[in-house]
Amino acid sequence: MSADAERFVRMYRQMVAIRFFEERVNDLYTRALMPGLAHLYIGEEAIAVGICEALRTDDYITSTHRGHGHCLAKGASPHLMFAELLGKEAGYCKGKGGSMHIADPATGNLGANAIVGGGAGIATGAAFAAKFLEQGRVAVCFFGEGALGQGVLYESMNLAQLWTLPVIYACENNLYNEYTHCSETTAGDMLARPRAFGIDSEAVDGQDVRAVNTAAVRLVERARRGEGPGFLLLDTYRYRGHHVGDIAREYYRSKQEEQEWVTGRDPIALHRAWLESKGLMGRDAFERIDVEVAAEMDAAVEFAMKAPYPDPSRVDEDVYA
Amino acid sequence: MSADAERFVRMYRQMVAIRFFEERVNDLYTRALMPGLAHLYIGEEAIAVGICEALRTDDYITSTHRGHGHCLAKGASPHLMFAELLGKEAGYCKGKGGSMHIADPATGNLGANAIVGGGAGIATGAAFAAKFLEQGRVAVCFFGEGALGQGVLYESMNLAQLWTLPVIYACENNLYNEYTHCSETTAGDMLARPRAFGIDSEAVDGQDVRAVNTAAVRLVERARRGEGPGFLLLDTYRYRGHHVGDIAREYYRSKQEEQEWVTGRDPIALHRAWLESKGLMGRDAFERIDVEVAAEMDAAVEFAMKAPYPDPSRVDEDVYA
Amino acid sequence: MPDMSFGDAIRMALAEEMRRDPRVVLLGEDVAEAGTTFKVLKGLVDEFGCTRVIDTPISEPGFTGLAVGAAMAGMRPVVDIMFGDFLALIMDQVVNQAAKIHYMSGGKWKVPMVVRATMGASRRSAAQHSQSLHAWPSHIPGLKVAMPSTPYDAKGLLKAAIRDDNPVIIFEDKISYTKVKGPVPEDDYVVPLGVADIKRQGRDITLVATSSMVQVALGAAAMLEEIGIDAEIVDPRTTWPLDEKTLIESARKTSRAMVIDEGYFRYGVTGEIASVIAEGAFYDLDGPVRRLGARHVPIPFSPVLEDVTVPTERDVFDLARTMCNK
Amino acid sequence: MPDMSFGDAIRMALAEEMRRDPRVVLLGEDVAEAGTTFKVLKGLVDEFGCTRVIDTPISEPGFTGLAVGAAMAGMRPVVDIMFGDFLALIMDQVVNQAAKIHYMSGGKWKVPMVVRATMGASRRSAAQHSQSLHAWPSHIPGLKVAMPSTPYDAKGLLKAAIRDDNPVIIFEDKISYTKVKGPVPEDDYVVPLGVADIKRQGRDITLVATSSMVQVALGAAAMLEEIGIDAEIVDPRTTWPLDEKTLIESARKTSRAMVIDEGYFRYGVTGEIASVIAEGAFYDLDGPVRRLGARHVPIPFSPVLEDVTVPTERDVFDLARTMCNK
């Protein structure tokens, strides 16, 4: 297979991995085996995968409350993620962070963040360090369109453009801030906002993993060359509730709207059809990926379920470095 | 005189009043008779005057650390202002606020603010109330271009446009955030920022009081008709230091630059020349205004100097309503 | 008078005040159709419409600042801060603006607004969604701070807060919304700000407890009773104004006092309250005023860790027992 | 060893640390050519250039957030908050991010950053430019908080803060910048965080004083000496970590303790420190630990009002005298 073809297959597999991971999260959560909150990334997989495919392992990302996809796409281990989601000692954060705070220096993951817009400063700062230390690294700041409401995002974009920092702002516009449609919360033209700061900005179909990847590659390479920040506005949709418990959704969005995205714009189905049409993968290959990924995820869940909780005495550790 | 002519003369007089007021502030301060800090508005008079001329007494303004001009233009009494600047009981705020916090409900002045950008939320909220209570009032938020650094300004503009609030954001771009040129702090195109939110925005020569007034009238009337917020970007220059103590300024701006503005773009001189050229006022009339305003300001200073300090026991009053 | 949940009492207070005063509006994220993430405001938009129950962008500083201006200009806004942790985002608007405007203007402007913020851990929400940050506003002159512990107090304090001409921050414990139930009159009553309530009479030890910790103290008192210790539980209900007299009198009566609060222990509200008691009751005390608060750690996610972070009935029981030498 | 001003000691510390460690950068408004509004950083840009002494937009949340990320990614940023009042703007970045990241990541990420913020009233700067808000960060697990009172401590604590792997907030009293002078060695010394210093030995009463209040306490001690009261002055130097041992031992020795701090009195740092002393020294105390802090009002502008807002030598003297029954 050509390098390109390998990339397309790898992106497919990654999207499947995220979806299977999230289905297991849903399952654990609804069976009351998982504490806290869980915000599923199902439907939005192409964004994390298309962007992270454009990154090096030592590039940085910041992530959100809906962060499992970013984490996995950046290379995290499902085993350690599930362990974290279950509050186990073996988890990425020794159980101290949970779903909304998974962080992993080994893959450049600066951490998921439960403050909407909380990653803006951090990603911009990591880019600042990367530039200052001349490491050639790039930082990607993932956030939902709801974060367009947070002033610190504009402050950060201004700094990034002023100082020509290698940071890409990736706005996942899934149309909803929790239970409120973005048209009720966002005046004017979304893309005009980063552009007002002079940032190279582009709107992309977030359900098309190849389009996402192409746009990401362009902005990442640009940033790496020292030409400054970029902004991606990615249209997408979350198939499920804002969090797992958000079941009755008709009061804020219609079943029909949901159905249209799920059947017409599913990133995995679209990419699969394309791979098939190009003859890059056949039914067997898809099946094999499904089986392999399912097995990996099941093993990860099993590992996590069996893993021990931290000893309560650990509560006082890691407060100070 | 026609109503228009009266307006032009009134604006002239107001600008002179502000300048004379500020010269006395400078004098009191350098003679160590005034406590605290004083940020002079000299050079920027056309903005406050041109905009406030477009407002009703019951319209609202929010002001800044450089607020004396806004205050006077909105109709405040120099007597009570000087008393406040000297920390006297007779001052607008009983001496509790000082230069940076003069407020006056009678003229719709919601208060000067020593937090850069601090007026953004307040002005937007007053506009919210004006709309909700169907009062037909408008709010003007004055701020320096330095406040473009504060995220809350973008949050406020988004709310104003979403909810069609009658608020005008008046950005006084005097080129400097304290001692730093705005090109070092502001990426991209300033006017594109409000426009990104869909706000009707206009750049105006802030040294031309008639141009300022024309633009303000348009946006104020529009807002009053319920058509939503506006934004004015007003080019201007402060002739003096950031505050009175900022004497040696060459390290951040040249004497030549200062001279160019003072001699070539003085708002009072420009308006005077225009009034003369139109035959609306002659030398005598200008002289009379100078004499009258000087007398008024001297009387105000004298009043304030003689006014008693508050009794120290007053310190505990007004903490709670 | 049927029992009602803490959350329902909050809703009732808001509905009553909105009926009474058309200037009262609610602002916050997902407050309208969703009725907030905790569903506490559910139904209010149906009665009052979306011009008075207003969904905002995720702009806590922006809409809080807007509320400050709206309050000055004649409204009575009630701002909803979904998680109390987000207070960190609005401190400038609350502290540098709302709290000071009345004073800075020499008493000319008023800022009659309410910030409703949640507090409380134990929901496995981790470090950024579990804090109880009421110590911060309690520190600031110009603010009032209410911390209801029962549905009765929740309704009465919230109504008092809305009618107050000053900025008031009211903290609502998330766990209490559904778990704490109690009688709530349909009447138009208020609980005045600054009046403590003795939630349980007792002779042997004074347990001063705030918000969520009142339930914990009540549980501990039941355990203490079994070993013959009769605890008095004093709920200040507002940290500011603070009803010093009731606190001091109780401590003088029992000669022992403990202060229990869910906020971080260090430099939290227990320090102030304990000092007030120590200063006022020193010569009647058998020993120092003792304190319990959240452990000096960010709130951890893992249940086994979170469960040792916030004071429990057992913690209160153990400490009280030691203090009473039993 | 010549005397040096407090402000010069700060600059010396920064220069030394920037020479030692190329990852140290300074960020803030007007820090470069202007050397800050207080001129404290004057000259640093000449030595280190504008890539390390960096003028920012007026975006406190933005550049503080940037510093958090930069610290995680290998830098040692020092952020300048011109007036401590603006801490209200950065609490989210400091408290929800910087303070918690090490813990939330299970110890994997570190946030070695310093926030330098000014504090202190008495400059007729009015309510939004005069606050001393150190009680807020002192409350938050994951932060350290330093409050130097002398040039020696300023240099040593700031250097320790920069080398610390945790976020440290250091408060610098504006008045002290030029007014307080003292010996400052040219050596590369640090003052460890968490070690109190006895600024004056005494037998009769312990005056615990922070930052600006140390000078006030020293002045009061001189007055007290004249009426035969020998005051011991303990400067905690950091509110967190807190050197409880030194505080308690001093109080046990003198049997009387007063805590003096320039922050707002209520729910400020005096409550915690007084409680720590009361808990540790109760049975050796002649009376309750007493406290002095700023009056419960926004700081007024008028000199006659501001002068009665913050504790003075006279206030300390009067209270100490009462406590000693003289």
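Order of writing sets the chain letters: A, B, C and D. Residues in each chain are counted from 1.
As a convention for this text, contacts are C-beta pairs under 8 Å (C-beta built on N, C-alpha and C of every residue); 3 or more make two chains touch, one makes a residue touch a chain.
Quick caveat, the model's predicted, so the values are computed rather than measured.
Participant: Return the chains shared as contacts by chain A and chain D, ordered by label.
Facilitator: Touching chain A and chain D alike, sorted by label: B, C.
Participant: Could you grab the centroid distance between chain A and chain C? Build each centroid from C-alpha atoms only and quote it in angstrom.
Facilitator: 36
Participant: Rounded to the nearest whole Å, what is the centre-to-centre distance of chain A and chain B, using the mean of the C-alpha atoms as each centre?
Facilitator: Their C-alpha centroids are separated by 46 Å.
Participant: Once you find the CA centre of chain C and the CA centre of chain D, what distance in Å lies between them?
Facilitator: About 30 Å separates the centre of chain C from that of chain D.
Participant: Once you find the CA centre of chain B and the CA centre of chain C, what distance in Å lies between them?
Facilitator: 41
Participant: Could you pull out the residues of chain C that touch at least 2 other chains?
Facilitator: Only 56-57, 59, 61-62, 85-86, 89, 92, 96, 103-104, 126-128, 141-142, 295-298, 300 qualify.
Participant: By residue number and range, which residues of chain B touch two or more other chains?
Facilitator: Only 93-97, 101, 113, 115, 118, 148-152, 155, 158, 162, 184-186, 319 qualify.
Participant: For the protein chains shown, what form does their contact graph take: line, ring, star, complete or other?
Facilitator: Contact map by chain: complete.
Participant: Which stretch or stretches of chain D touch chain C in the complex?
Facilitator: 85-89, 91-92, 94-96, 99-100, 103-104, 126-128, 135-136, 138-142, 239-240, 242, 263-264, 266-275, 278-279, 282-283, 287-291, 295-298, 300
Participant: Quick one: which bits of chain C touch chain B in the complex? Just the residue numbers, please.
Facilitator: 23, 25, 51, 56-57, 59, 61-75, 77, 92-93, 96-97, 101-110, 112, 141-142, 144, 165-166
Participant: Show me the residue ranges of chain A that touch chain D in the complex, using the header's touch definition.
Facilitator: So the residues of chain A in touch with chain D come to 60, 62, 91-97, 101, 103-105, 110-111, 113, 115, 118, 120-130, 132-133, 139, 151-152, 155-156, 158-159, 162, 317-321.
Participant: Would you pull the chain A residues touching chain C in the complex into a rising list?
Facilitator: 35-37, 87-88, 93-101, 113-118, 146-151, 177-180, 184-186, 251-252, 309-312, 314-316, 319
Participant: What does chain B use to touch chain A in their complex?
Facilitator: 148-155, 157-158, 161-162, 184-189, 192-193, 195-199
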